[in-house]
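Two complexes, one shared chain (subunit A), two partners (subunit B, subunit C).
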Partner chain A sequence: MEKINSDKKRIINNILKSNGFFAFLFLLPAFFFFTLYLLAPIPLSGYYSLLRWSGVGEGVFIGLNNWSRLIRDSTFWLAVGNNFKLVFLSLLIQLPTALFLAVVLTSKIKLDKFFKTVYFFPMLLSTVAIGVIWGYIYNPNVGLLNNFLEAVGLEHLILDWLGSRRYAIYSTIVAICWRFVPFHMILYIAGIVGIPEQLYEAAEIDGANAWVSFRHITLPQLKTVIKNSVVLSIVGSLKIFAEIFVMTGGGPNHASEVMATYMYTTSFDSYRMGYGSTIAVSLFLIAFSVSLIFLYLTRKKQ
Partner chain B sequence: MNKKIFIVSLILMFIFMFSLVEVEAFSLFDLFRRTETITLWDIRTPEDPARAAVEDAIARFEEDHDNIEIEHVPIQNDDYKTRLSVAAAADDEPDIFMTWGGGGLKNYVDEGMVYDITAYLEEDNWRDNFLDAAMNNSTFEGKTYGVPVTNVAPAVIWYREDMFAEYDLTPPETYEELLEIIEVFKENDIVPFTLANQNRWPGSMYYMYFVDRLAGPEVYRAAVSPDMAGSFTDEPFIEAGQMIRDLVEMDAFPAGLNAMNEDDGDSRTMLYTKDAGMYLMGSWAYSTIGMEDEITQEQLNFFPFPSIEGADGTTSGIVGTVGDNFYSVAEKCENKEMAVEFLRYLTDEKAKQELLAVGNIPPISGVADDLDDPMLQSIFRVVEEAESSQLWYDQDLPPEIAQVHLNQLQGLFGGDVTPEEKAQAMADAIEDYYAD
Partner chain C sequence: MLLGKITIFLKYIFCLVWLVIAGYPFIFVFNTSLKERREFFTTSVWSSPESWQFQNYIEAVKAGFLRYFLNTGFVTFSAVILIVIIAAMASYVITRIEFKYSNLVFLIFVAGMMIPIHSTLIPVYRVTRTIGLYNTLTGLIGPYVAFGLPISVFILTGFMRDIPPQMEEAAIIDGASKFQIFTKIIFPLSRPAIFTVAIYNLVIFWNEFVYALILISSPGKWNITLGLWNFQGRYGTNIPMVMTGVIISAVPVIILYLFFQDQVIRGMTAGALKE
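Now for the complex of A and B:
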């Protein structure tokens, strides 16, 4: 009897002593909310996507009607196209710019602290504020951009930045890149700071110039960081919402629509919660599979 | 270093604890007060001239019923629609809420969310308190689901008298005369019509008036009826679309109209700076402009949308609302009796006076005798003399069709949708809607 008791004590002691138990205990509340607000809604949206439901009251089960409608919905594909334009241009503009700034700011220039702060600024502003500010910059009448172009004699470049079907999406993309460059810049700066100084010193002794040491030291050392920022940029571009919603609302006539804005207006302006859920689920599936593919491809190379 | 981390985490912990304490304190406080709360959502933000009337009604109601408190949550126009639909989806709608009547309200009624107040309106003749036409947009199949509180508001064409005098212009009777005015403004490098169409509904006013003037209000009714007696592909709708294209092509509107925001006042500012000559907008523009720029308001005058010579439509029909901003009681409200009682405060004599004071004509019978402001009198005359009245399509249509209407029109103004395409998209949306 006593032996069993002491065995029990020992087991309990072991549990209490092990980190795993406490880690579990501390993670429990976070896990609870994670499940409630992030995991559970995914299958739930999947179910809603099979309903014709206005968002109020009871929905009617209509099988895969919403899905077949989605495949034929040209607005949805336009939105997907815009998302991929954003993915592509983000990778092309955001990341190289961020990398360039990071390299410059870590190369012992004067006033580096000042510039770091200045370049970090867009990251400190709230998303909606950025949307409003850029909305004013692009404003056709009182906007900064058009007035600037007029002042320097470039009237022929004046455009209806957010109001024309052709340019609206690109104008919003520029604003989005501006907003996210500092985020990636900080990632890269942190990565560069972590690279051992000796590598550069050795390279210098061997007579490597700045480009060569960037190409053969900085880049390879940053590989993991860059990989992470690419994934973040892709996923972020696919689920972009607030910037575009504030600037154009997806308009004019869907021209700058992305999946998330289309999901939102369908659910809450057209009151088609069922179809909105269909868009939401496909947004999830697209973002999920694109990042899986990217991770798979980059893992193979290593 | 460790000490620093310790201090920082201590501070964070305090902040966290305070945030908890505050929440706790509030709920405890509520428990002991034993008052009942009725929540009220509408769009009466501080920028809204009609806010005073609602606030005053709340104050008077609370004074008469000291165990009831009205929690007023005003939300800005476009956000409001979203917030309400999100709340409704979560079964969390407020006790009293505001809609614009028509298809939007009906959507909620169909889902059993709105309390039928017909019985209250019949007892002690409360219904007689309102203008006859006012209740149409909250009455479905003989049952009434809300009372109109504000806005006898037709859309009219506003202009500055000093500008009309400067270019020797007189308000037009016919569309042909309006086209001549447009020419004069263009010759003087003034944008004839200011229009902020990012919000999409301001542009819709032109379309609705063209249809009304071309063929009268019946063609719209026929096009939206479930038996599909008419269609949005009918001639008047296509012609109305074409007339908008013509106006755009003759530069009657500002460049970049689809990027201009009505809520931000991008349209009105062009009147203040004399960069634009005319402004087709609901009659609420009179009080909005008064709040923003008194100099312009002094010069402000209006004329009704002109008639089209030789067309079969109306010459004096109005597009707009005869009573708007319907306040309804939610089916799930726990004290419907008191909620309806509050609606009486919101539509009584005192509320009427408060609204009139800010230039808003409430749809209360006999309101004509109370109008001191000559501008309000002439607005009301337009409504009284109108041979018909057409509610905004985007509020009358079921929401999903309304969105198609608004988006297609924005495309029409932007030049990437033809009148025929717009018409076809509308017909498809209607068919789709009745198919499921």
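Now for the complex of A and C:
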């Protein structure tokens, strides 16, 4: 008996002893990819932002020149402005629509499964497919939207939706919202399903109507979910790329430019990779600080 | 009572309206893809095709879509297999092996979800060139794996934490090594989570665009999104053809979704649902 016990101890001891090494070995592949392609690029981009560099060969160190240029670059600020338009309109359109859909779908409605299945469809498409489809919907001659306006007698609203400098950015925002509403809807549905049924039953006994129980039960119970979805919506809007890139390429004449499209064309069309890195780092810094600010503000209120 | 009925009525109206908004573009795209080019320009956009012609599909496949399909399939499957193994190994260490930094390691991986990939593109481009993988399909696998790791580790650790320790203890007493415990017990027991991770990454990698855009240059190596994007440029005015491309590119994911709806949705929202 004692021998078996000491054997056991020895084996367990041996295993414990090599834990660190084993962990290192098993984490190695994940860390390799993670560091090489995701983590190291952030400081590296910071370094590249100090260079004048075409992407081939070595760059020339030019200190903070790119940064002082960025501050005076009106196209960059136009892009930042467009990103924030997207942030606000997403919060204003996407989240309320998603919440409303979620509430309706969880309210003992028939065919809810079917509705949910179809509602999620836009999330399945690639960003390129979204851009291509909406490019077609907005097509000034054969597009769905203008044809629809004509059919219902609203010809005066017909427009070159993506070709207009004034409206291009808003047209792309509608397409982006179309894609992301189902995402937030699913988050809210998961949240609502998790709310204890008793809360609603108690409210009903107290004579609360649907609106009152929504305001006083659903909304407060969904606080964390809503907070998460706001952060995701903000970050997602700040780093939006392919939908706009495919629909307008940031045009006409930068009118629908966002940080990521400007970063891409600067780096990979004009091969100004030093300056492109400067835009990339600002994208990272802006996205990071905006979500930190939001998290800080909501923490304080509670 | 009447008010209740009106509310229910309005609910259904709203559901139907959104059904049209979310679903009609798909019908519209499919409808257009069946039209001949001339037919498209001479008939109303609302009309159904005169007959179900799959001519556009044959042409699209010939114009390169078969190639893009195979390319994307290769990269997607390689990256999914790699990520499942690597993420499971990392998650096993984080949840089942006691060592000093397990929490820190977990936090670092999960923090990766916050990194906007556009901020990483230039270094990724440079690294890929340096190691000679620029303009190769293999060169896409690394970035894909890295990009999918945070969510995958997040899902897998969440699942593995809940596996009861008894089976492992029994195996330790039987003299099983940590490696064996991983391959024989933890990995097989994590099958549901691994499946979710696989399905989720399959969808993401199939639809991936940005890495392909910066790392691939020759048409023979385009993935499906790159192919579709260029298709739009090439066939710009031949809208039925472009819509055919959209359908071809989306069909695998839609089929996957119809069979594994729960896994797809769970994967896509997993990162957002933490507490």
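One rule holds for everything that comes next: the second predicted complex is superposed on the first by the 271 of 302 C-alpha atoms of A that agree within 3 Å, B and C clash if a C-alpha of one lies under 4 Å from a C-alpha of the other, contacts with A are read in each partner's own complex, and residues count from 1 in each chain.
The rule is short, and it goes like this: contacts are C-beta pairs under 8 Å (C-beta built on N, C-alpha and C of every residue); 3 or more make two chains touch, one makes a residue touch a chain.
Note that the structure is predicted; figures quoted are calculated from it, not measured.
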- Quick one: on subunit A, after the overlay, do subunit B and subunit C clash, or do they fit? Just give me the call. clash
- Using the superposition on chain A described above, determine whether A:163 touches subunit B (first), subunit C (second), both, or neither. first
- Message: Once chain A of both complexes is superposed, is A:268 in touch with subunit B (first), subunit C (second), both, or neither?
- Response: both
- Of the partners subunit B and subunit C, which touch A:188 in the superposed model: first, second, both, neither? neither
- Task: May I ask you to decide whether A:248 touches subunit B, subunit C, both, or neither, giving the answer as first, second, both or neither?
- Result: first
- Query: Of the partners subunit B and subunit C, which touch A:180 in the superposed model: first, second, both, neither?
  - Reply: neither
- Considering only touches as defined above, state whether A:139 meets subunit B (first), subunit C (second), both or neither. both
- Query: Of the two partner chains, subunit B (first) and subunit C (second), which one does A:45 touch, if any: first, second, both, or neither?
  - Reply: second
- Task: Name the contact category of A:55: first (subunit B only), second (subunit C only), both, or neither.
- Result: both
- Message: If you tally the residues of subunit A touched by each partner, is the higher count for subunit B or for subunit C?
- Response: C
- Share the list of subunit A residues that count as touching for subunit B in one structure and for subunit C in the other. 55, 135, 139, 142, 268, 273
- Query: Okay, in this complex, where on subunit B does subunit A touch?
  - Reply: 81-82, 85-86, 88-89, 107-108, 110-113, 197-198, 200, 254-261, 266, 269-270, 275, 399-400, 402-403, 407-408, 410-411, 413-417, 436
- Item | In the complex with subunit C, residue positions of subunit A that touch it | 8, 11-12, 15-16, 19-20, 22-23, 26-27, 29-31, 33-34, 36-42, 44-45, 48, 55, 100-101, 104-105, 107, 109, 111, 115, 117-129, 131-133, 135-137, 139, 142-144, 147, 151, 178, 181-183, 186-187, 190, 210, 224-225, 228-229, 232, 235, 238-239, 241-242, 246, 259-260, 263-264, 267-268, 273, 276-277, 280-281, 283-284, 287-288, 291
- Task: Can you check the complex and tell me which residues of subunit C touch subunit A?
- Result: 7, 11-12, 14-15, 18-19, 21-23, 25-26, 28-29, 32, 40-41, 44-46, 85-87, 89-90, 92-93, 97-102, 105, 108-109, 112, 114-127, 142-143, 145-147, 149-150, 153, 172-173, 175, 177-179, 182, 203, 206-210, 213-214, 224-225, 228-229, 232, 239, 242-243, 245-246, 249-250, 253-254, 257, 261, 264-265, 268-269, 272-275
- subunit A residues within the subunit B interface of the complex: 52, 54-58, 60, 62, 135, 138-142, 160-165, 248-249, 251-255, 265, 268-273
